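Two complexes follow with subunit A in common, the first pairing it with subunit B and the second with subunit C.
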Partner chain A sequence: MDLETVKERAGPREFSPKDDMPEEYRKAATRMIQFHANSEIMGAYLERPFIRQAPSLERKLAFSAKVQDELGHGQLLYRAAESLGIKTRQEMLDELANGQGKFLNCFHYPMESWVETPMIAFFVDGAAMRRQATLKSTSWEPYAHAMDKVCFEEGFHVKHGEAVLHELMTGSKKEQEMAQAAFEKWWPRIIQFFGPTDKQSTHHGFASEVGLKKMSNDELRRAFLNTYIPKAEKYGLVIPDTPTIEKNDDGTYNVAEDELDWDEFFQIAKNEYEPGLGQIDSRKKAQEAVAWVRESMDNHEQRLYGGTSPQAAD
Partner chain B sequence: MAAAQQLPGPQDLTDEQREAVEMLLYRLADDEFVIAERYTEWQVRAPTIESDLSVANIAQDELGHARLWYDLLEDFGYEEPDLIWEREAGDWRHSTLCELPFGEGDWADFVVRSYLYDEAEFVRVKALEGSSYPRLADRVEKVLAEERYHREHARSWLERLCEDDDSRARVQDAVDRLLPYALTLFSPTDEEIEARIDELGLRTENLLSMREAWLDEVVPTLESAGLHVEEAELPEQYDVHHVDFDLPDETGRDQSHTDYWFDLFDEFTKSYRELGRHSAMKIMKDPDDE
Partner chain C sequence: MIWEVFRQKKAGDYHTHCGNVHAPDREMALLFAEVQHARRMPTNSLWVVPKDEIGEVDTEDVAFGGTTDKSYRWAMTYNFEAAAEEVAASEDEQAEAERQRKAVVDGDD
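The block that comes next holds the complex of A and B.
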């Protein structure tokens, strides 16, 4: 299929592995889905220590299930990315381990306290939900299909995050203050989640022309702010002064973007942000520590089937 | 063993009966809670995404079982903070097998530990099917169904890892290290109370006979996988020489614990303490209504 035909036909779930897609499309889709899959894994990696810190047994159960879901999403998304024929799952996992794989800005920041968990599980997951909901009608069918399950489960995660936030904001004064401090720390990062305005985004044009991306960064951020500013205020959080956000009469917002630290954002985008390297490197170390198991499993597969298919041991 | 007389509900037990029921429940609940706490360390660190997902499943099952058993302790007026968050670390009754940390990348430890634990869990929960305490017996079926899957999972990993020499050596190392601790799963808390648990028919097998049944299962399995079990090298009569096994200094059951436990306890109660909490949020239906 030539690129012009792709652009003409680029409707929801229009293309699948049965179609002969041009390389440009397959590369763009791979980049997008791989980023998404990596983010699921690194988000889970960031949240995992807080399974231990959950302050009730049932919350611990819910937290473990959430982290498990994120891993499951990663698994699903790597499969959707693999179906484009550009990279294998192993190649993508290797890239993630060796620091080449890109992922969401918020998951680069270290997380230290329980009160930070709803900043991810409510706000970041809520922001992700916005984007993911639109991707149910992306043009690459396996990606849209994965989004069905992902969005369904993310709905629970946001509720989980909202419940943790609610608990904190109806708790002691100390809890409320700790939550507000965490919110102030995370808020600018959450605004940056949607990336720079469309005119600065390099990949936007093509991805939307071929139906991979359904809404622009600006539209998504506006929709997020419309929903989440009132929610944050409902729970008693005070929206930080930076960045300045003004609401227009038509319900849209003006965000003073130049007040945000875009140097840091682009440093993160290149996996060069110093505090975030700890996440990447420690995950790499953890993966290398169990490389012997994967080798052993490959030997097992060899003995069984004589082939060279990669391990999928459960 | 003759069927013991059925015991009444929690409010109508005598003090002696209640003490026995509580002790049995602490054994069960603390084991499940603490081993699950350790299992979650493998989440997002297991060898593959697939093994990651199953380790998470198993941790959640065990946590779910802990929840069922702690809930029966709540029948006696305790609340979750009394049972977990504000309890003295030195009061816990779990076997020390559950509290040991995992070395980085030591998947063999996870496989061996979960194998030894799940086989023991199966034996002891089977012995609760005919418990004279109906509140307990009623919850056994759900636990057993999940343990069947855990055992299959652990066995299949054990077999696969033992196929090549390098990984079998790691498994052997884990067996040597963990077997003494696994034996504490069958150690008594207080001899007198344990005897009462048996007399009252709260379980239908005593600790020694369960330990024999467990060893008769795990020793031949380990050996057939090419592993070596030091003290079990005598002939087929496994029940003769099991007495020779040395227990570690800390069994957990008698409230003696390794230093690792106190660190772990500090870690998992950290947020609860930092937030200054006095209660634990329930977010699920009561197990009786599920």
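The block that comes next holds the complex of A and C.
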């Protein structure tokens, strides 16, 4: 299929592995889905310590379930990316381990305290979900298919994050202050979650023309703010002064994006941000530490199925 | 000879056990199953299986799962008004899945 035909036909779930897609499309889709898959994995590793640090059994169970879900999302997405024939799952996992694999800005920052967890589990996941809901109608069918499952599970994550936030903001004065401090630390990163403004985004044009991406960075950010600013305020969080956010008469918001630290953002985007490198390395170490589990499972499968390991169903 | 009968209501559903028939061979078992178990019930397909061929393990031998309360992993557990549209949509899907799970557990057809 030539690129013109792709652009003409580009609609929701229009293309699948049955179609002969041009290399530009397959590369762009791989880049996007691999980024998404990496982010699921890195997000899971960021939250993993809080299974242990959770303040109650219920929270421990919920965090454990959530981390398990996110790793599963990563696997689903690597599978959707693999189906484009550009990179294998192993190549993508290797890239993530050796620091070439790119992932979401928010997951480059370490999380130190329990009060920070709703910043990821409520705001970042809420932002992710806004974006993922639009990707149910992406043009690469296996990607959209993965989004069905991801969005199904993600509602629990966001609402559980909201429960933690609610608990903190109705707790002691100390808890409220700590939650506010965490919010101030995370807020600019959350705003940057949707990437640079459309004018600065290098990949948006093509991805949108071939139906991979459904909404622009700016549209998604606006939609997120419209829901989550009122939510934050309702729980008693004060929106930080930077970046300046103005409310328009029609209820929408304008963000003074040039007040945000885009140098740091692009440093992160290149995997050159120091704390983020720590995240990448600690995941790599954890992976290596449990290599024996994967090996013994592989050996077991080898014995059972004689080398033809069955692939997970889509 | 006893044959256990499994009925599938519509294409794509599971075959679920619905009773048994006495018959000397498979052909007769299918005929009896048709008359006894699908004459009045909406049915897409029937299986018959010799009773002796069925393996069983029960609560005397093992501790089965499925008794843990896993409500902590469903959106419906965390109640706040007015979730974002896409979060509410996810919760609706989860609620629907729970209804279907309950229907299977309770044996509703």
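Heads up, the rule we're going with is that the second predicted complex is superposed on the first by the 288 of 314 C-alpha atoms of A that agree within 3 Å, B and C clash if a C-alpha of one lies under 4 Å from a C-alpha of the other, contacts with A are read in each partner's own complex, and residues count from 1 in each chain.
The rule we apply is simple: contacts are C-beta pairs under 8 Å (C-beta built on N, C-alpha and C of every residue); 3 or more make two chains touch, one makes a residue touch a chain.
Please read all numbers here as calculations on a predicted model, not as lab measurements.
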Review point. Which partner does A:H145 contact after superposing on A: first (subunit B), second (subunit C), both, neither?
Key: neither
Exercise for review: Would you check which partner chain A:M297 touches, where first means subunit B only, second means subunit C only, and both and neither mean what they say?
Suggested key: first
Exercise for review: Mind working out whether A:A289 is in touch with subunit B, subunit C, both or neither, as first, second, both or neither?
Suggested key: first
Check your understanding: Between subunit B (first) and subunit C (second), which, if any, makes contact with A:M129: first, second, both or neither?
Key -> second
Practice item. Go through the superposed model and pick first if A:K7 touches only subunit B, second if only subunit C, both, or neither. Key: neither
Check your understanding: Is A:M178 contacted by the first partner subunit B, the second partner subunit C, both or neither?
Key -> first
**Study point:** Most subunit A residues touched (candidates subunit B, subunit C)
**Key:** B
**Study point:** Touching partner for A:F156 - first (subunit B), second (subunit C), both, neither
**Key:** second
**Study point:** Partner chain(s) touched by A:T227 [first = subunit B, second = subunit C, both, neither]
**Key:** second
Review point. For subunit A, what residues appear in both contact lists, the one with subunit B and the one with subunit C?
Key: 58, 61-62, 65, 163
Point to revise | Of subunit A, residues touching subunit B in the complex | key: 41, 44-45, 48, 51-62, 64-65, 67-68, 71-72, 74-75, 78, 113-115, 163, 167-168, 171-172, 174-175, 178, 283, 285-294, 296-297, 299-300, 303, 311-314
Review point. What does subunit B use to touch subunit A in their complex?
Key: 33, 37, 40-41, 43-54, 56-57, 59-60, 63-64, 66-67, 70, 80, 84-85, 104-105, 107, 153, 157, 160-161, 163-164, 166-167, 170, 267-268, 270-272, 274-277, 280-284
Point to revise | Touching residues (chain side subunit C, partner subunit A) in the complex | key: 70, 72-75, 77-78, 80, 83-91, 93-94, 97
Point to revise | Touching residues (chain side subunit A, partner subunit C) in the complex | key: 58, 61-62, 65-66, 126, 129-130, 132-133, 151-156, 158-160, 162-163, 166, 227-228
